[in-house]
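What follows is subunit A paired twice: with subunit B in the first complex and subunit C in the second.
On to the complex of A and B.
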């Protein structure tokens, strides 16, 4: 307000009639706008190169050396590299999706999201889309560096199927993250502990560093509820020569299960976010951290 | 639309959870609030912290459901027609830390504009112009995490005006701003309302001067109830008959208290503030004559008058007259019903 109060600038702003989109246009605008902080903002924090690239490659290297020491089939090295890359998505879903609404509440953004005419589902989808794209950049870097470092050879059976598996695995995984975002919000401060608790067991159950066929059938089937389990298994089957022989279920079945999981998690996320919004308005405890 | 904002018998009770074994207790934040704010009005809610101002704003901005009564904003019910209310409103709170620190000022504002469906080109033009108005043009590409508290609050204020709402809610908007910036914000707020008679602004504040200078009408709120609602001039005229004095005196000893003064004939209200080496008494007397008995009591109690000033009534005096204590005393005593 450094300018005179009756300045032309002020008059122009005050007199301008602002047209606002609604319906699907508003939905798309919201998705893109909420994805933006992840697509652009997150890249500004250069520490991601250390935490999201260097540290996962270190973890992967340990398994590579173990497999080489016991003279495991060479494709296992590739399995580990792909698994290591996929850990980036799991970390992002845990810390960047599930816990996100809780942090949004703490900073006051959640109240602004609820008060705005947009849909909260669009906010969640924006978070997910931004997360997927930003994390794909990290995962791709891990795969490229890991493959070059350990001389991994790929034998892709079908690029189309591989792409479909990746897309469905992401839809199901981030659908689960969107669902957990509402659950975590209801759990409030316990959310942080829950994320900590879920991190390591999923590394094991989803077979990040080994094929899940090594599990008992029922354990592997139970672990398939986590979308990355079947996503990883199918990707390994499609990308490596011995992948098919080491796969848990056929790629077609795994694709169908991933599709079902995607629909289930996205529908559950929609129902839960609506419930959470109603609860927030009724009880008044979700839009501020005091109560 | 008759009123931009209307509430009928509005109430809100919070259930506060205790420990695992204890029953939740109830906290009455608002009770029986009836307000009617006209289109084009700049309306103030004045009350101490915990009076229920923020709860009322949350209900009106569709963030909280009332437990009793009803409210409408821009002609729509805030509970049943929330989706119609939301495109027409916006809210700015003092001291809020919304947005993302890694984004620039422009990016944060653009993001919030998108949530209201404003096309990017229009949003970017308004962001540039509004930042010029608040004197932040050169910070348009600064990361918001690098902004001072005052600049951050200015950015929040721009966020509120960016979407050109019909009804804007400002909850303590000048909190954390220096004197100059607060004055500029108040000037802009006034012009924004004056420019278009369809624009309405509801402002909560516990700064009496802000309410007095800015608002067409003011509702004084305490312990969840609206105690009075009128223009600042009319509210103050209630005390025109009374004589108001400000006295600086030597510190009161234990034998003389505010109550001792209030028992004197012609003395309506007295508030006391102990400062470093002296005390300030604010007196509301029925007539000037009553000052004599106050002086006599001071002499007999060995209290020395250091300074005496007769003054015009302020909204603070109106609050004291209505509540019996100053806003500062109410806040210190923590008798507000909210936020505990």
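On to the complex of A and C.
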């Protein structure tokens, strides 16, 4: 020890003041730090291309062939391709956002997150941003490959509106994921089953493979709580020739609802994560792993 | 007391644990274990919802797709073709993937695979037994889905015309075939540390597309159709449809040239072939997993 402290290099390192960020700088730093593994993971392990692109294309292809078997109009093939690509976001929200804090608890990271002097909201936001970027890459690849394989033709009405719909749908969807992250954590091991349960019923209600207009108005309206419902509906209206005629609400109204959902889910996520943090400190049991 | 225990233990030890007895004991206990795992996580009401809502929603996606395009023409033979194919396909996801998931559950979640493996059991039989609970759950889902179709979607199944014998024999052979496929998948899982989560889904998705589960094989591009013809699932699903709604089979030319007996013969032959292959694959994967120290290596190693 005395030998070590006598080393001039080590002494210089020990005496050097560590610069620590705080406030919004720490918030941004945390967001980037949590988003980093999600992005860099894409580079380190290329096998995701098989599981996250090839598999959804297989599932989407099955639905495309069903439409072909019943001689559906060609635009429906495009609806399935876009819907199939959007399942990547829903899966990411379920397994990569909502269940994430539960997984972190199981692997022992949650206690570190809570103890660290950073905002849990920043951690959730980092997860969301990393997830959005990584999943957009997958979804885009599915759309490109699916469109080429099945010769889908698009007729985009407005690229600006299409981009706005996508951004707002993502903000609302990942806000919902951030909110559910706390809910799932409180539900503990039921989280796995909830995520499992929330797949097919949501694909059905949100109209991943058909226009939501085919449902009863009130059913479609209730399903609009899930941001992808209106997001998909608006995207179809803007990207396909027959989309406008098959839309549930006008694109403008859907944009407004998506904006409202984004604000609501982000605010709810903030309230719930604070509640969860307080609970962790007060009861001291939130981070314990029970099987 | 101790002498009684000693006596019973020695008696037990002197009993020749025959080939079948060890396997039956293993199968029975692993089936019980599988049921405890599958059903014990929630109250029965939630469990029922889970095993009913999910499959019904999956079927409803196809029903809505069909109904939107055909304006609710449920009388067409393509509707029972799609609906029944999808209903029976639930066995594929549950039985085949379920057996392979036993490896993931034991290794990754419960971390008990090493203790299970060294216990006096026949490990492949243990894996097969773990699929029984999934088979029961799948059976509930299949029955509920078909009943729902009959009650609310005008799925026309004439109970008097159902070939119950063919249905039963086809189901038994088909489930065995799926179990053998599951064993092959489970054997591969022994070697996989990363990505094992998606492998079962990958295989199930591929089979869903190529086996003509929800559309006749003629819809596939010509170069992809042979894949469907070499899959036992194609023949099994056709048999199940013929057993329930015989006339639907005649509406599609895919396997119209084969009699029920021929289809059953092909299915039995393929099941036997899969059983032989699964034995070889299991031994190979088991050996490799032990040799490379992968047997109990978890994902976060």
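FYI, the second predicted complex is superposed on the first by the 278 of 291 C-alpha atoms of A that agree within 3 Å, B and C clash if a C-alpha of one lies under 4 Å from a C-alpha of the other, contacts with A are read in each partner's own complex, and residues count from 1 in each chain.
What we mean here is this: contacts are C-beta pairs under 8 Å (C-beta built on N, C-alpha and C of every residue); 3 or more make two chains touch, one makes a residue touch a chain.
Here the structure is a predicted model, which is why all the values come from computation and not from measurement.
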Touched partner set for A:19, first subunit B, second subunit C, both or neither: first
Partner chain in contact with A:151 - subunit B first, subunit C second, else both or neither: neither
Subunit B versus subunit C as contact partner of A:107, first or second or both or neither: both
Broader residue contact with subunit A after superposition on the shared chain, subunit B or subunit C: B
Subunit B versus subunit C as contact partner of A:201, first or second or both or neither: second
Subunit A positions touched by subunit B in one structure and by subunit C in the second: 45, 107, 291
Subunit B-facing residues of subunit A, complex: 1-3, 5-7, 9-22, 25-26, 29-30, 32-34, 36-37, 40-42, 44-45, 107-109, 111-118, 280-284, 287, 290-291
Interface residues, subunit A side, partner subunit C - complex: 45, 47, 50-51, 54-55, 58-59, 61-63, 65-73, 76, 107, 189-190, 193, 196-197, 199-201, 203-204, 208-211, 214-215, 291
Sites on subunit C touched by subunit A in the complex: 41-42, 49-50, 53-55, 57-58, 60-62, 64-70, 78, 82, 109-110, 194-195, 198, 201-202, 205-206, 208-209, 213-216, 219-220, 300
Residue ranges of subunit B touching subunit A (in the complex, touch as defined): 12, 14-16, 55, 58, 61-65, 79, 82-83, 86-87, 89-91, 93, 96-100, 102-103, 107, 110-112, 114-119, 122, 126, 129-130, 132-135, 143, 161, 163-164, 181, 184-185, 187-188, 191-192, 195-196, 339
